[in-house]
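As written, the chains take the letters A, B, C, D, E and F, and residue 1 is the first residue of each chain.
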Amino acid sequence: MLLAELSWPAVNALPRDMPVIMPIAALEQHGPHLPLFTDSFLVGEVARRTNEALGDRVLLAPVTWLGNSHHHLDFAGTMTAAPRVYLDMLRTMIDCVLHHGFKRIVLLNGHGGNSVPGQQVLYEVRQHHRDRDDLLLLLANYWALGSDPAQSIPGLRHRIEHACQWETSMMMRLRPDLIGDYKSAAKFEWGNPFQPATRAWTMPDVSPEGHVGEPALATAEIGEALLQTFAGDVAAFLNRVIAWGGRSWNG
Amino acid sequence: MLLAELSWPAVNALPRDMPVIMPIAALEQHGPHLPLFTDSFLVGEVARRTNEALGDRVLLAPVTWLGNSHHHLDFAGTMTAAPRVYLDMLRTMIDCVLHHGFKRIVLLNGHGGNSVPGQQVLYEVRQHHRDRDDLLLLLANYWALGSDPAQSIPGLRHRIEHACQWETSMMMRLRPDLIGDYKSAAKFEWGNPFQPATRAWTMPDVSPEGHVGEPALATAEIGEALLQTFAGDVAAFLNRVIAWGGRSWNG
Amino acid sequence: MLLAELSWPAVNALPRDMPVIMPIAALEQHGPHLPLFTDSFLVGEVARRTNEALGDRVLLAPVTWLGNSHHHLDFAGTMTAAPRVYLDMLRTMIDCVLHHGFKRIVLLNGHGGNSVPGQQVLYEVRQHHRDRDDLLLLLANYWALGSDPAQSIPGLRHRIEHACQWETSMMMRLRPDLIGDYKSAAKFEWGNPFQPATRAWTMPDVSPEGHVGEPALATAEIGEALLQTFAGDVAAFLNRVIAWGGRSWNG
Amino acid sequence: MLLAELSWPAVNALPRDMPVIMPIAALEQHGPHLPLFTDSFLVGEVARRTNEALGDRVLLAPVTWLGNSHHHLDFAGTMTAAPRVYLDMLRTMIDCVLHHGFKRIVLLNGHGGNSVPGQQVLYEVRQHHRDRDDLLLLLANYWALGSDPAQSIPGLRHRIEHACQWETSMMMRLRPDLIGDYKSAAKFEWGNPFQPATRAWTMPDVSPEGHVGEPALATAEIGEALLQTFAGDVAAFLNRVIAWGGRSWNG
Amino acid sequence: MLLAELSWPAVNALPRDMPVIMPIAALEQHGPHLPLFTDSFLVGEVARRTNEALGDRVLLAPVTWLGNSHHHLDFAGTMTAAPRVYLDMLRTMIDCVLHHGFKRIVLLNGHGGNSVPGQQVLYEVRQHHRDRDDLLLLLANYWALGSDPAQSIPGLRHRIEHACQWETSMMMRLRPDLIGDYKSAAKFEWGNPFQPATRAWTMPDVSPEGHVGEPALATAEIGEALLQTFAGDVAAFLNRVIAWGGRSWNG
Amino acid sequence: MLLAELSWPAVNALPRDMPVIMPIAALEQHGPHLPLFTDSFLVGEVARRTNEALGDRVLLAPVTWLGNSHHHLDFAGTMTAAPRVYLDMLRTMIDCVLHHGFKRIVLLNGHGGNSVPGQQVLYEVRQHHRDRDDLLLLLANYWALGSDPAQSIPGLRHRIEHACQWETSMMMRLRPDLIGDYKSAAKFEWGNPFQPATRAWTMPDVSPEGHVGEPALATAEIGEALLQTFAGDVAAFLNRVIAWGGRSWNG
């Protein structure tokens, strides 16, 4: 169900153990060939397909397109919340959902840079309500819920990256009118030689063009296959959320 | 132009005196008959029409649907930024636009509750950049840019209110599929007996159903007339912004 | 009654539905001819006259002279709270008054720049105490409570501005010893060509001398007439506050 | 010179090595017999006498009556900044004075509770401007600048306390019309058995009536003697500030 | 080198491309059988061994024992920074190191709960200094730098957990005098049925005794083997940090 | 008892009127001849001796070595919390101790710069829990609890200063391996000509070498005598804390 389209009495009538899905994304540069809204388009499409599949069993909020994208700020057009503002923003939205009595909250994430702050905020919320045992607070990256498309889709590089073959393919399927000259986009590898330690970075450290990976390998067919895979994964994951017993950790 | 659909090189190529329009709205209860996204739908439609009219002369950001709606939080489904978070959120978005070198910023507001915090933030931004003389920082309520539709549209009540005849009419034009039983919605008057002093309030002070005014008087024809009026006003206003000399206060 | 002059048992004995009047003003530049304390002097005088008229029916706090005046900071001597500090300062004072059990609070404002932050703070306080229905939180600009002196006082310009004919006249009545060469003060018009949109500004945008309007037209007679008008308006307004039923919005 | 009474060009013409005196006080309960404004009245009077003595050599700001008085909040009428707000408030005022180019700043304190936060803020300001060597940032308690009145004034208790013999005496000299039944005020001793360790306290820990010491021993003669002593001490201290070389620590 | 034991001229003489290692840990409950300081003891020992191995090539700060442990606060004795305070604390320490001109900073983490906030802070620092290309900001969990001890040490469970076999074993090697009755500690499995989504939790969700895993399987021999493995991994990792070219991302 | 070495059930079994001692210190430059950790070493040693003397009657937290040392930041190696972060850090630690039910808290301070912020925080905590009468919140500088060693120890200068004869002597007793060429350290006097007013300063104002006083006069014998004196003072003070009645201010 689409939260945006409901009236307040309609929301009020919903069972409070219905999962609330909050897609979070970004408006940030995506290389020379993809639009700034790429992450928002993609998580929006995955959420749309999932919502269709799950019918009236989940409550889907609109995409929060302002993300945690300071590392892309050197590229024109990027709009981002400052890091602490992003924490506050996620927190204040979750507080509203809890205020209305919902107990199962899923941040459905469409932008890698939102993952750490999203986890930080869920941590804060859980501790703030430390005496409750009926809360299920989850963050899920839509591209990382189990399937490994690189195994099943021919011609696919090994992993999703920023404005890469994967994202370009999905955008070709979704909004082909907005695709620029992806064939000319150079190949950039995101390699952190200090792994598995994490390293702080800003996009120009890695790529002067703003993308990583090999956009030139994208096709709309790959895009559709990816969208199907991800929407399927998210639906399966949300079914587990729906099936949760409501109390115990392991339930 | 739609910021969301541009690539970063495309944004980078834009003249920096192009006005950047940031529609701000809300996801908040709108009585028993209108969807939570009403303000976002409406300012989005006004912005869409305006953008169409102005072609490549303005840069339109996506609607910021999370608004300053704490006064509606008692009604299920309302999502709102806490007051200070809303200030920070507007501030951080404006900072991005300035970071990219744009100088003319218009908060195109679609929700009454955003007006005071929007002014507060523009004040803060102006003072922070006190030494600059090339900034034009504006907040415009789309419904209050000159025309008085109550004079020109037959059957229209004297002013816009919350989930009222005006807003219901526009939603009937825009998304008739989302309109509930507006005919049964009671009449509530927002009357502050202490005017012209301003008074702090929360929605249940005024209306237990969540709307103000007389939704029952709405028609799709009124809605279209209002949308045309407002889109025309916004376009005229933005033409003045485009025509600004770029320096002097009175210019 | 003057809060400053009471002992705590005397305050403790007061009925808690007595309105608490908190005059807020500024210490900021007022052109080449008026003292920095102008706004504080004026709202203090209006409050003093009102308090005299209303006897023991209101509780008057001292003037909070530190205001929201960052837009005047380029002129020497201006002291101002940074914007967020001003919000915090108003908030903390109101919290005290509520802590002591008072329910009717009037920010009696003597400086235009305090109006937006004052409204922001009252909003925050109202939402923080959203479950109460016995609070009356008001902000009143002393010069804008009903009368239009430009209609009744001969020779008066159309509206109050900063360090203008109106303010200069009142200061001539109140503290003639502090008036500089107002006759030589140039005429500056505050004209925002983007009205009714609001526009962020800083004083040097408008006037290099720091005042707006035509101080040269001031007379002490006009000043006394204005003070009488404003004190009368404030008293009438406060009588409505005193007469409030104590619960309902429209009461 | 009184900052409040100057125009901005007059302030602008002042030498920037003139000391700026910022009296800080409180509006807080002072026992059953003294008015809430006691600290503000007293530091205001000391400052007034000092200013008279020093003529045009210091710039005196108005009394900041909102103080750090949370420990008195249980008594009706007390208005206080929350602790961090008080820090911010002092900081923002000092920032203004520095913004205008003044270099010698004296917080002239009239309320014990302001001493720790005042030192905290001066520390913060000094570190923020760590590269400057031309700043003189001082906090002086008006009652503790050298003289020991208990040695010279007959009948005087050993030290100043809250709403005590000393303060009551000075108020009898200054505003006898505001003195309540000080003869009946009980004797309370502020004794911290853990001294010289500092101990956090709130006023009801010490005195249910809100005062400490023996108000009943007050006389107007003692009050005048104290005011003369303190005003003399402050003037002597400020002469040292005026005489400072402007650079070196020991100068 | 131990920062704590150096004088300031000694630090001043160091090359600024020397890595600064900041061990971060916790003082939090570790089940019924381990001391609160377990994480601090362990990362301290790993750091000590590493420092010994690397001689004068790294600068080792003392262990920051106050960690991000709100999820353990229900157990007596746990001391923790509130989540945002922890962010500020890490940030302020890193700011000092940068202030002194060092460029390679390693948060050597000994507590799982510090990982997300540590990454958040490094992100913030990197963006704050976005224009620099000479910074290397890393967070390394000492137990996760490459080796998989479960493969090489007989009898070892599959992974490190909280107050588990691994940590108990290392503490048996390090401070056998502080080990309680680990043989009676029950077995608890940390299983998040919503993986790979992350889920917010608080310790009592998982284990009423405060530990996870099987402490009863611990031995001092396993402990020594683990410490050798981890100290070796950290040294190898730091050698890569030392060998970094100083500029490029991939260098 | 050492908090760090206890398990949570052991802490849980403690009586909640046991004093919790939190040593706070610094990692900051201490002249050319002493290590950065001097304050932490010294308060740690005083605390260790005291804990030994008092056996199981106090609960001793580990030394918080990150202090309020911004005034030493110009000297390499100093690590310090920014001023407000230091307030937050102390506050969050005290909150934990209160959360676990302890009521007597002693900040045992080993660094002069922590004194004002420590008092500020205890004030904030006391006011936050204003309705409780069972809290004892104390800050004690270990060197200022009664004895005047300058009277009893031959050859001792009149007071403790920074990296001075006193501190150098104690370090010679404690860690002679870390003492640099103290004989060559120049003599610097910390003299504030504006006393008894407090004055904001930063270390280079006073001493280019980073120490104050006469380190050259230090001996290990003086050091041992000082440590005995201070440990004795702290133990006597803590015995008073243990003996406190638990309720009344004067008790």
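As a convention for this text, a residue touches a chain if its C-beta (ideal position, glycine included) is under 8 Å from a C-beta of that chain, and two chains touch if they have at least 3 such contacts.
As the structure is a prediction and not an experimental result, all values here were calculated from the model.
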Mutual neighbours - chains that touch subunit A and subunit F alike: E
Chains contacting each of subunit B and subunit C, listed by label: none
Mean-CA-position distance for subunit B and subunit A (Å): 27
Chain centre separation (subunit D, subunit E; CA means) in Å: 49
In subunit F, residues with contacts to at least two other chains: 73
Pairwise touch network: line, ring, star, complete, or other: ring
Starting from subunit D, with subunit F taken as the next chain, the full ring order: D, F, E, A, B, C
Interface residues, subunit A side, partner subunit B - complex: 3-12, 14, 27, 29-37, 40, 61-62, 64-66, 73, 75-82, 85, 88-89, 91-93, 95-97, 99-100, 175, 178, 180, 210
Of all residues in subunit E, those that touch subunit A in their complex: 70-71, 73-74, 83-84, 87, 106, 116-117, 119-120, 122-127, 130, 133, 135-140, 144-146, 191, 193-194, 196-202, 205-206, 237, 240-241, 249-251
